[in-house]
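Quick heads-up: structures coming right below.
In the two complexes below, chain A is the common chain; its partner is chain B in one and chain C in the other.
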Partner chain A sequence: MDDLVNITVDGLKMQVPKGTLLWEACQAHGIDIPIFCYHTKLGPVGACRTCLVEVEGMTKGPITACSTPVTDGMVVRTRSPIAQKAQRGILEFLLLNHPLDCPICDRGGECPLQDQTFAYGPGSSRYVEPKRHHVKPIVLGPTIALDRERCVLCWRCVRFTAEIAEDKSIVLLDRGDHTVVGTFQDEPYVSNFSGNVVELCPVGALTARKQRFNFRPWELQNRPSICPHCAFGCNINISVRKNDEVIRFLSRDNPEVDDSWLCDRGRFDFEFINSPQRLTAPLVRDGDAFLEVSWTEAFELISNRLRSILDESGAHALAGIAAARMTNEGLHVFKRFMRDVVGTGLVDHTPRPNLRLTPGQQQAFARLGRNLMPIAGLDDARTILLLGADPSEREPVMELRIRQAVNRHGAQLVIANPEEITLSPKASHAASYETGGLAAFIRSLTSALRRGPQGSNNDDSASALVRTYLAEGPIAVIYDASFPGTLDKGDAVLALDDFVEALRARAAVGTLPLLDAANSMGARDLDILPPDGWSSSVIDALLGPDSQVRAAILAGADLAAGAGEETLRRLNQLDLLVVQELFMTETARLADVVLPAASFAEQIGTFTNSERRVQRLHEAVPAPGVARADWEILVDLSQHFDNALPYAGARQIWDDIRRTVPAYAPVAFDSIGPRGVRIEETQVLESA
Partner chain B sequence: MALLEFAQGLGVTLRNMFRPPTTIKYPEQRRVLPERERGRHVLHRYENGLERCIGCYLCAGACPADCIYIEAAENTPENRVSAGERYARVYEIDMLRCIFCGFCEEACPTGAITLEPILDISDYSRGPMIYTKDMLLEPPRNLDDLAAEASHR
Partner chain C sequence: MSKEPILFKHLAVPDINKLGVYVENGGYEGLRKAVTDMKPEDVTKEVSDSGLRGRGGAGFPTGRKWSFIPKGVLPTYLVVNADESEPGAFKDRELMERNPHQLLEGVALSAYAIGCRLAFIYVRGEFLYIQEILDAALAEAYAGGYLGKNIFGSGYDIEIVVHRGAGAYICGEESALLDSLEGYRGFPRLRPPFPAVKGLYGQPTVINNVETLANVPHIVRHGSAWFRSYGTEKSPGTKICSISGPVQKPGNYELEMGTPFRVLLEEKAGGMLPGKTLKAYIPGGASAPMLPNRPEFIDVPITYEDYPAVGSTMGSASFILIPEDVCIIYAQLRISEFFAHESCGKCIPCREGTPWLMKTVRRIERGEGREDDLPLLLDICDNILGRSFCALGDFSTSNIVASIKYFYDEYEEHIRRRACPHISATAAVA
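Moving on to the complex of A and B:
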């Protein structure tokens, strides 16, 4: 209780932890104080003075609530005449040169400046002189445009690029009333995270070039969802216009995962949902062209041809490959359709690490997977070790989490990579090894570890690294599950597993893999793999020269994209190729039947991210035409076979997943809240 | 008594038989409407020909019948449509839903849209009742027309 202090705000007595910022204390007790420059994720600067309040005994006049920690006995008045006069004055100042742009300003309707002025500002302006003008809009870079007239100089964009993304691209130029936001020497603002400044900017000064003038906020509805572009699983809101058009993705702060940031791929790559090129009806090949047919016709055709192929050549004549960006529900039904309805074990997912593991290596790989740590655990790590992994490429927002762990929580970053990566300048220690030498490098660390505290006094570089960085936990080991550049991936798996075991003997350690697609972890957990697991690939079985496969179901798996002659020839040779897709992909063009599927934004379901957090998708917009969720397609197709699948909805499928995948058993569908449910390591251990 | 009432009633009929008719032969003949009659909308231009509408959606937001549909776009030096940064690329009003309240006119910050004394809004099907921008927009006036208008005043 020593840590609590008593303060009085507007006559309300409150007890708050010592050191809390006055604004936060008031916010927590429902007292609103206007702010611009303050942002919970960026910390205080006290630049805009909007948050002035009167504090008893402060002779210097009102103080900024956003940057003043509470002290015991503080008596604060947020709506006293002095405070009101100060707030009104600051807002009048902010509006002096502010243009009357609200009708055409993209912020209009969700603009804090409008809201604050309405709530706290003066009713009218006394300023009659001509306003300051700037060229507008200024193109800051490929993604962002700037309107200097609207800028309130809150520094949020500047602080984001300085503290969070650390590219220091956006700066304040000039002094005093000439201060403007810009980039150094007008260099273009190029960043993987540029979209975040649009969301941070409290006014309409920074806009996303591809969304300018596309919408007015009041006609949008935000529907919660999960970014489908990588396995990190950032939380998003999908803004949908009245005509069911997807307008933008906004971040939906999940402190456990994205901490309110999105990368530009995640934020801006959504136009595929609205695309007029989406498939809207089932298509059946007719010579070189496709004919639109009804679902029933398509299903009858597939089931008849499939049955005759299976009767002639047995279940091994059919292979199925599902995209790892499908929902858990889609993947589960896919697996059940293949294994239980048509009876083939030849299932696989794509993209996936191209590992060829022996049984021993498979065990090592499974062990690695069980050591999974939570993403937020990076903040507690003493050392973060990147072994041949480049998060900036694969799971970009992880880069921001690592920077934050280093900057705010004092983690040491150790990078082992043959090349310089984006995070390299941030590293306390950067080790390099020859391309392909990851396993050898890891083994050198392991043997240094095993030599024990004395043995690691050797002065080779591995021992030094172990001594300096791996002596104490918690240690976060981040690896790329595809082991790029490594030829003998199985060997790398063994080396890594051995290393983690050796490390575990000394310190708390957790691993995080970099995976390929939004639901790669789900595909692993649901075992969308060939019967011998990671030792072979069905893609090889399907496309190999002496393949026995005569029919294939490819759900979102675009095998023909960028593939060679041989692949195309093999796909063409198949007696039956069924493709479930969003678009007429290169693979779909070779298909006998093309089935239109719903995108992630058009269905209910779940994704499991790379820290094994199960997160919910909601139906944000209707699917185009008669397109349906992947699982719906396969359930309906199964009605044309003897063992029809019984599912009527995503919930029911989830319950079946809980029955068949023990790790998921404790997670009820409706318990998956807005922040998802992380499946803890122990639950997975028990199930193994 | 009954007879008297009968004659009175017939009197009314007779009186009206010799009155001039109140109906007119529309559409050959047209009534002069009050200047401020709220009929069909017109989108206006500035004297220099640029469109007044800046595609701000305020009219659509104000419309209680939700019958205005807009898609905005950005002016470029090559394609300057309105005076500001932004213009309405698509502007549609569903005349079947419009209740001619004039709220759009009141909401408009640029005086781009007004309800004019135009009453002939009818068609044989619903499709054509969705008025598109080219139907609503004033034709561009050239300078000669402007001069002619000025001399008429």
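Moving on to the complex of A and C:
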């Protein structure tokens, strides 16, 4: 192939794509070259000079591997005396003013400066001058602290804020060896993505204020998982101490999803897992108090009371609502328990779009849910159209993917929103409509599309938008499946479906919905909905004035939180309220039986993200006390009924999901690797 | 100089800075000829044929630099590097101060050659009065129709903007100059892409020194063959030499390339001041390695090619003279302080290395030198040279290496006696 070039590195002949950076080529072939400023997600800056290598024919001394594209016939030596001397020299410079406070440094033990000094650096220092000192730590903002003495000025944080998050908050101040990292005029560094700079920092200069001096890296084990905070499905590593304490979340690069970035909510909001307030044993109401009981006692009590209610009033006297943050396995068992064990169809999930769709609207909504594009496909989009959708609020890391698609791949961003959103300044075109006017706005685009080439010459704004931005694909349409601010959501569904169909007649189109919770897509795919689908809500059936419901199982569904008196009264009135929860929530306080559930970090299972990628959860830490996974609780409870559920583990449940949800059929549990498996559009279509 | 000077020819003409006087003396004739009679590529060819090389110090062939501009990528920019901040250099200042139209004509001609309609002159921060002179000349030239829209009825428009820097040596490095001109902090840029491909505002850009461009009107007017009648085969033309130090007549002198330094020192500058003996001299500003007072170094012809042959560089031809009664370590300390102060901080070798050099030299000068300081200094230089992001790191090493090479005994004496033998200098350092 002519786009490959031959190079020789340390005697090893390799073929690499033309234009590859030398460092990347070496890395791909297992040849390590020390770096500080270079980072694969940020591109070269050439500032630290640590990656100096010898190249045959070089005229001005060794060259930086991080910023030099390979050329055919290049002969490189990374460990020759010249290269070693250069690398050692740079590391000596780096350590001149470094405080060497490794014993108390958060990075000690996982520090590139330590590791690279060990591997490539000088054994001793020749520096006898006093070291440079700075006031420390500097509080950069609410989340981040800065130690300027440890900083090696690699520009990674500066480049992250300039190129990735684009808030340009972190800058270099002063000159020469007075240069320091800081913020313009000491304004606080406030960002939804601040935690990323801690991970990017190759030394212990930037630390998370919540986590400083809390751990030694070598105490920690990293266990792969998925962020539970939104439907985007960012991959994480959970750092665990002594097998039972969650210390931090780190990013786990999945180029298909997060591209190594996390938002601050995802990164920092994990304390709930370790909380001493977690429920650790089943509780049964005793007057105004709760008594700890065994699982068996709890299950017997539930089954006896439930049976008598069902015998008296029929299966429709029981309703069940599950949290959309539960695993696919938990949701599936929940559905099986409700429908097959006790025989009620009154199941639903929460949070969910508050839709009341007619049959026709339901079909349109289902069609929209089928034509999903991959998140990484944003990079290929010519136009990204945000229709009433604000990714920064709902799925923050999508904001970074969109910025990247615009900056590196030349996508045009078109934003239609009644209000300014975070991404608005990034838009090639921003269209506004009156609050509640989404459907009308979409229809104006559809008519412009349908008018065809002549009609779209009209000089109204919709025609101009269509002409300028929607003439050629691929077009990514991102919408918020909750249609916030829209009163007639069903009408918006119809308008959107019609628009996508009209667009598809002209260009390649992909859609992505913004959803509510980590497994909202799973809850939809597994049909955790009332028998009439999106046309009603079990919450209404449960809480409505004419409710026939006498018993409810609420799995992670905190309906009482912030609710009005009427809701509390209804929940109080229930003859049996069973709550599966992590905490004694407002709803749990009203329950007759409270069952302690395991968090996402304490169980094996899967989430399906908003691009329909199935990703694996692992048991990072044990659940507190006798708490169990949601599915396990319901399987055990089912043993007290006639149609006991047969599942012994998540794998077995997954296989049952594959049997009942055709779209998931091709995905074997063991095929779900570290980057998950995205269920392609065609598979969904076939199952429809 | 036996032949007529080129750049300083009209230096003595009263009011040559005024448009009318400049025009009376043949000014803007080259520009008129070019835009009415010549194609842009003819101008480039004439300059290429003349062998004109960059006068900022690097000596890159000017015509070749222009030829790197890709065809059809518009707009293109011409940027004049007037950030003259090399210690010892003051030639561009005089060229701009005394004969601003000569530069403006050169800018317009060169802009025409590369298809540029908006050119910038980046003058160093301290040159406020130079900016005023240039702006006044510009206003006159616009009003007279010599610059601006449709000059000489040719349809060619040229606008020139004078921009003053904020006082950083690094901004004389051409890519950092572009950063600064764009309104950012000046840091050298990664290459490739080279400025000829992606320069100012991401567009093809040529950056030339003041003296380089001042030559262009004369080349266009009189032809490349005439220009080549000056100087040597490899260094055609003349060179403005700045000479400073204890000489009778310090200042700028235009010499034909190839004139020996001895002529500059003894004839032009009138020799050393009474009672002063030359100890060493730096031929090309603080970044050029110093040479001791030995006949073979005093008789070096001033050309791009002859100074490298004796282990130094002509650079911008800024001659700094160090007399016998000045401590060489003290002189070196001043140079090292300059480079540590002016390091931009982007790359590690320069940021960390230049202060280390400075502190070590200062210790030696204060009588606190250690036995292994000299090999240490040389090894630090070795770890900076060719490792730094831009040439400024390299520059910081040249005089350390040269001063240790030629004045090893003086360094050793400082270390052995634990004091500077030149009392006055030591007092100044303490």
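A few points about this structure:
Basically, the second predicted complex is superposed on the first by the 687 of 688 C-alpha atoms of A that agree within 3 Å, B and C clash if a C-alpha of one lies under 4 Å from a C-alpha of the other, contacts with A are read in each partner's own complex, and residues count from 1 in each chain.
In this section, a contact is a pair of C-beta atoms (placed from the backbone, for glycine too) under 8 Å apart; a residue touches a chain by one contact, two chains touch by 3 or more.
Since this is a predicted model, take the numbers as computed values, not measurements.
With chain A as the common reference for superposition, the partners chain B and chain C occupy compatible, non-clashing space.
In the superposed model, A:E219 lies in contact with chain B only, and not with chain C. Contacts of A:P103 after superposition: chain B is touched, whereas chain C is not reached. When the two complexes are overlaid on their common chain A, residue A:N371 makes contact with neither chain B nor chain C. Of the two partner chains placed by the overlay, neither chain B nor chain C lies in contact with A:S444.
Once the two complexes are laid over each other on the shared chain, residue contacts for A:K136 go to chain B alone; chain C is not touched.
Measured by the number of chain A residues touched, the leading partner among chain B and chain C is C. No C-alpha atom of chain B lies closer than 26 Å to any C-alpha atom of chain C in the overlay.
Put simply, chain C touches chain A in their complex at residues 168, 185, 190, 340-349, 351-356, 359-360, 363, 370, 372, 376, 382-383, 385-389. Across the complex, chain B meets chain A through its residues 54-58, 60-61, 69, 72-74, 84-86, 109-110.
Every residue of chain A that touches chain B in the complex is listed here, in rising order: 103-104, 108, 136-137, 212-214, 216, 218-219, 243. Residue ranges on chain A touching chain C, taken from their complex, read 44-50, 52, 60-62, 67, 85-86, 89-90, 92-94, 96-97, 126-129, 152-153, 172, 174-179.
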